[in-house]
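Below are two complexes that have chain A in common, paired first with chain B and then with chain C.
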Partner chain A sequence: MEILRSIYEVAGFIVLIAFGVAALEGYFYYHFKCHDKPWFLPVALAAFPAAAVVAAAAVLGDYQFRLWFYFLAAEALIAAAFRYAIKGRHTVPYLLLAPAFVGLALLLVYPFVFEVYLSFHDLKLTTIMSWKNTGTLPFVGLRQYYDVFTTSPLSEVTFWALLLRTLVWTFTNVFFHVAGGFALALLLNNAIRFKGAYRTLLVVPWAMPQVVAVLAMRGEFHSQNGFVNIVISKLLEVFPFLASLGVAPVQWLSDYPLLTCTIINVWLGIPFMMVVILGGLQSISSSYYDAADIDGASYFQKLRFITMPLIKPVLMPAVTLGTVWTFNNINVIYLVTGQAGGTEQADILVSALYKAAFTYNRYSYSAAFALVVFALLFFISVTYLHGFDAAKEER
Partner chain B sequence: MHRIKRFFSALRGDASAVLRDPIQRRKFFKYLLIHLVVVTAALVCIYPLLRIFSVSLRPGDKLFSTDLSLIPDNATFVAYASLLKDTMFLRWLWNSLLITLATSFIGVSLASTAAYAFSRFKFPGKKAGLILLLSSQMIPAGMLILPLFLMIMKLKLMNTYLGMIIAYSVSSLPFSIWILKGYYDTIPRSLEEAALVDGTSQVGAFWRIILPLSTPALSIAFLFNFTTAWNEYLVARVVLFSSKQYTWTLGLFELQGQYITQWGMFAAGSMLVTIPVLAVFLYSSKWLISGLTLGSVKG
Partner chain C sequence: MATVQFSGIVKKFGDNVVLNGVDVEIKDHEFVVIVGPSGCGKTTLLRMLAGLEEISGGEIRIDGLRVNELHPSKREIAMVFQDYALYPHMTVEENMSFALRLRKTPKAEIDARVDEAASILQLKSFLRRMPKQLSGGQRQRVAIGRAIVRKPKVFLFDEPLSNLDAKLREEMRVEIAKLYQRLNATILYVTHDQVEAMTLAGRIVIMNKGIVQQVGSPIEVYRKPANLFVAGFIGSPTMNFMHGTLRLEGEHLRFASGDIKLTIPPYLLHDPRKHDGREVTVGVRPDDVLVGRTAEGCSDKVDGVLEVCELLGHRENLYIKVGEQRLLATVEAFFDRSPGSAVTVCFNYKNMHVFDKATEARISE
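Up next is the complex of A and B:
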């Protein structure tokens, strides 16, 4: 019974969205086709704001008079734009784009703008009830941004420590991803037997659902029944002298959480790089290597002067993507450390951001924090892409 | 018997011949080394999966043993049975499936038309639109969770399928548009022109010619949407709070809690979820990867 009800619920929602898309298309169709009719403006101003107010009241569940002003102003602007600027040109592409871009505007652009709004106001656990009822928030200016740099998002670790840790985390991970992926790809690029089988086995960490992979690996680092400590203690039984070198089972999750997360994430990330680099290696024509062989080039010379330059156009976008992904990797860190009693020794910027919002309920603070992180990431990406373009021109 | 003997003698002869010739010998050891390294790497890659499998077969009293054998003594399927009986695992799978199918459907439908506009038409704002799509990939995923969470709360959709579908539906949209645009670009225009001459509209040409021809790309986009939503954890964590509404990711995480770990059930659940995902991924990985690189090459 419940299954049927859930199907109805979701199917009904999809039908609702279909109606929404149809209404949207109708709305734009009217603007495109009737923009030169004399009754265009009055009809538009009469019909659409009213429909929008009704729809908003239906969705939000309460009627607000001020919405009339917003919708009227918006409709006046849109209608004027269609009448005097667009004049019915490019109807088909805009109609095709409308649903996707309205979706993006509502669920990507609007949240972004809303985050900016939040960061200048004060929304936290104590003000959220009044915000729900009245929709207004106290304005605090730049205080949240000031707090980002001066107070801890969690309980003790500071922004600067997190920043340093994030940079180290990103660099270490990307370095090992690329190094490991490169090494494996070079090995697999030989004419060896069982190549397909190896390739399949090697992408397993990437192919597994990340939640399962991370939780399984976390289990392997458990202090008593995790694989790592079992192996260490078995080694100690066989080679007792190792103990004098300081080898001993350790509490991975509570004493070395960041190291554990890094190992897990390196394990997770190598397959992607391997696949990308292998694809690049296979596209390099063997004639380069043949020519180098005739000239008597050594293996490392071939690697340095043929493989490296030719793999660069494939590698650079992958490294950029990998950097952004690693920088933003909440999943691994949250799944390894993020429960009650979890430590904050392993948190990087984004995971601290998530915890500040949803464990500590400091919404406005974390909005400001998110914007600072976004600015940082944007800066890093632009620098990267700039370097990439420069590398492109070099060739 | 005779054959086997000959086979072995040939093998021995070959091996000694290989090892006597210095060039052949170097080659032999080189390949031996490569195989050794790759096999080790492959073992590291699949070992956690094998371990989960072995834990899922353990009888209840041996869950915390330090045994490392792949198939434990007295292997049973008790963990699977109790997972299906005592937890809401099937319900979690169902929730995930419903949410994921709905989001993928919405995402691919929206992307297919938008990508067509980008592929076939020239219009003001085209470049800006494409740049918007690309730069949206730079927004940290964790960043938009908070405003989406607040929006969903405001719409009173917390703890519902609809809230999840809304939160997920556009997350893979830019990437899908990008893949589909790349694919449409490879379809010759003359096909549509012929249809237009025969009297269909532009929309008719898209519906009757382009869409059927792009089934492979549409499947990639669908698959991408599907896996993203299927494996998602962080949004689900904040939107859903009653265990009846959980997706499987939340359910599994709960089974592997810090203090009371339901090790056996967690392992059984992981196996049940991972095997189909792994199968689909390995089956489709070739296309998925070509889709990934398509975006970067066409940029």
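Up next is the complex of A and C:
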């Protein structure tokens, strides 16, 4: 009987979604079909805000006067757009796009707008109850942004130290991703046996769920039972002189957390770059290499003068993506160093942001923090894309 | 400049024999065109000379020096590729000077050589451009310029005109002919286009299925094709072939193929008795098929039906059906007969070719 109830619930949910979509389509259909009727604006402004207020009251269980105002303003905008801008053109495409677009707006636009709203107010552990009861938050202007740059999101590390650490982390990771990916792609681009098998093996870290891969690697860095330290101690037994060079098993997770995270993330990121670069290498016509052979270029000269410039248009978007992903990579750091009470030595901006929001419950502060990180990444991406355009021009 | 010798060249890809014993000798200052249908191994032969393809057997010598194991850049050759292979990220000037820069040639000399090549090829105003800003013909000239700049012993052209449209191809053909007169270099030119071969070559090497079919001057291979393949490949429109048997009737050899019956004159086949009963293929070029008034004076006339006329301007192609056999005749323009009318056909015996049916080799003089 339990299972029957689950089925009822799922079916009910599906019906609900279907009704929602139907209502949405009917709403847009009216706007498309009646935009040029003289009674279009009055009817739209009277009917839809009223319906929306009723629906909101039914769902939320309470009624607020300002809802009228919001819905009226929204409807006025939408109706005006239909009457003066869209004018009933492309009805079918818009009707087909509408559900997806509204879904996206709910998932992306609403949280973003809410985040901006939060960043100018003060939501934290001490104000959250009053927000729940009254629905209002104290407006604080730019104070949260000021705090981002002056106070620590964690217990000791400052924003600037975190920013520096993040930049170093991003640069190191992307550098080794590209270098490792390039080397492996060059090897795989030769005519070797079992190429497919090598390629599959090399792509495994990328194909595996990141959580699984990171937790497995974290185990390997365990100070006593981890693969890394075991190999180091065995090596020391065989080559005792290594000890005089300073090689010894270390407490990876507690003494060198950032280094450990970097090694793990490099391992995780190489396959993506390898696949992208391999694709780029295979798209370079072999006649360039023939011509370079006849021109007398050595292996490294071919690499320098043919491969590098021709791989650039493929590499630039991959590096942009890789930079954003690495900059935003909370998985590796969070999973390796643990959450509350863990070390702060390995935190980068986004992991500190996560801890500020959900360990220290400073919601408005972290909203401002997130917007600052967003601005940084936006700037970095635009710079990269400019470089990418220039590279494309050249080709 | 230099001589090139191919002796007993064999190329295998796995079990697939692409070239089977190629022997060709190219003299100093000679323009040799290697021609053949696609897949005949001509480009492979060129790439082996360039050092881009390993040599499975035999020997290649440039100026008497065995180059089998020599790196491409040490062979002092320059190659123009079918797709030009211009480095897309370098300007025209950088493309042309790349080889010299790699060899650390002094800057002044590089500039002088690029300048010289650019003025030969009228590329001076394009030196700062990127390859993608050039038209097909200009790219072609840059590719040739890149070869000239290096002052190689041998120029290799790998189907250089096949990516151009028909009009541009004709222009570039003349350009290459002029360039050859100016450089007076040893040139090896690969093409599948027999018109390019006939117009450019000092000597033609005709290849099929990895074997050299005939080597000779354009007029030799046109007038005296060594076998059926060469006869069919060289000349446009294609030669007419008639399969039949030779019979000795009195002193003369008679050839019979369906409704077509001809006397083979003794200057074509010297010893008539020897050929009695032989299965042969007789080849006649469309120009040597005489129709209408020009056919009136002939002895062995054949009656046929005109099927299709194609007016080309100054010439006209006539497709004539004689019994089961179709013949193509090319005549002066305005052959005033409508399709379906009966025409009289005869052949110009002097330019007739007789091939053995089994060996496909030429047996007539």
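Just so we're on the same page, the second predicted complex is superposed on the first by the 371 of 395 C-alpha atoms of A that agree within 3 Å, B and C clash if a C-alpha of one lies under 4 Å from a C-alpha of the other, contacts with A are read in each partner's own complex, and residues count from 1 in each chain.
Convention: a contact is a pair of C-beta atoms (placed from the backbone, for glycine too) under 8 Å apart; a residue touches a chain by one contact, two chains touch by 3 or more.
Small disclaimer: the values here were computed from a predicted structure and weren't measured.
With the C-alpha superposition on chain A as described, chain C and chain B fit side by side in the combined arrangement.
Once the two complexes are overlaid on the shared chain, A:205 sits against chain B while remaining clear of chain C. Using the contact criterion defined above for the overlaid structures, shared-chain residue A:309 touches chain C, although it does not reach chain B.
With both structures placed on the common chain, the touch criterion links A:38 to neither chain B nor chain C. By the touch criterion stated above, A:293 is placed in contact with chain C alone, chain B being left untouched.
Touched residues of chain A, counted separately for chain B and chain C, are more numerous for B.
Look at A:246: by the touch rule set out above, it reaches neither chain B nor chain C. Once chain A of one complex is fitted onto chain A of the other, the partner contacts of A:196 are absent, as it touches neither chain B nor chain C. Of note, the Cα-centre angle with chain A at its vertex and chain B and chain C at its ends comes out at 60 degrees, rounded to the nearest 10. When the two complexes are laid on top of each other via chain A, the two nearest Cα atoms from chain B and chain C are 9 angstrom apart. In the superposition on chain A, no residue of chain A contacts both chain B and chain C.
Touching chain A in their complex are the following residues of chain C: 47, 50-52, 71-74, 77-79, 81-83, 85, 87-89, 98-99, 102-103, 130, 132, 146, 150. For chain B in complex with chain A, the residues that touch the partner chain are 31, 34-35, 37-39, 41-42, 44-49, 51-52, 55, 64-66, 68, 94-95, 98-99, 102, 105-106, 109-111, 113-114, 116-118, 120-121, 123-124, 126, 129, 132, 136-151, 153-156, 160-162, 165-167, 169-170, 173-174, 177, 202-203, 206, 230-231, 233-234, 237-238, 249, 252-253, 256-258, 263, 266, 270, 273-274, 277-278, 281-282, 285, 289, 292-293, 296. Considering their complex, residues 3, 6-7, 9-10, 13-14, 17, 59-61, 90, 92-94, 96-97, 99-101, 103-104, 107-108, 110-112, 114-115, 118, 123, 132, 184, 187-188, 190, 192-193, 198, 200-205, 207-213, 215-220, 224-225, 227, 230, 233, 267, 271, 275-276, 279, 314, 317, 324, 327-328, 330-331, 334-335, 339-342, 350-351, 353-354, 357-358, 363, 366-367, 370, 373-374, 377-378, 381 of chain A touch chain B.
Listed in rising order, the residues of chain A touching chain C in the complex are 285, 287-288, 290-297, 301, 305-306, 309-310, 394-395.
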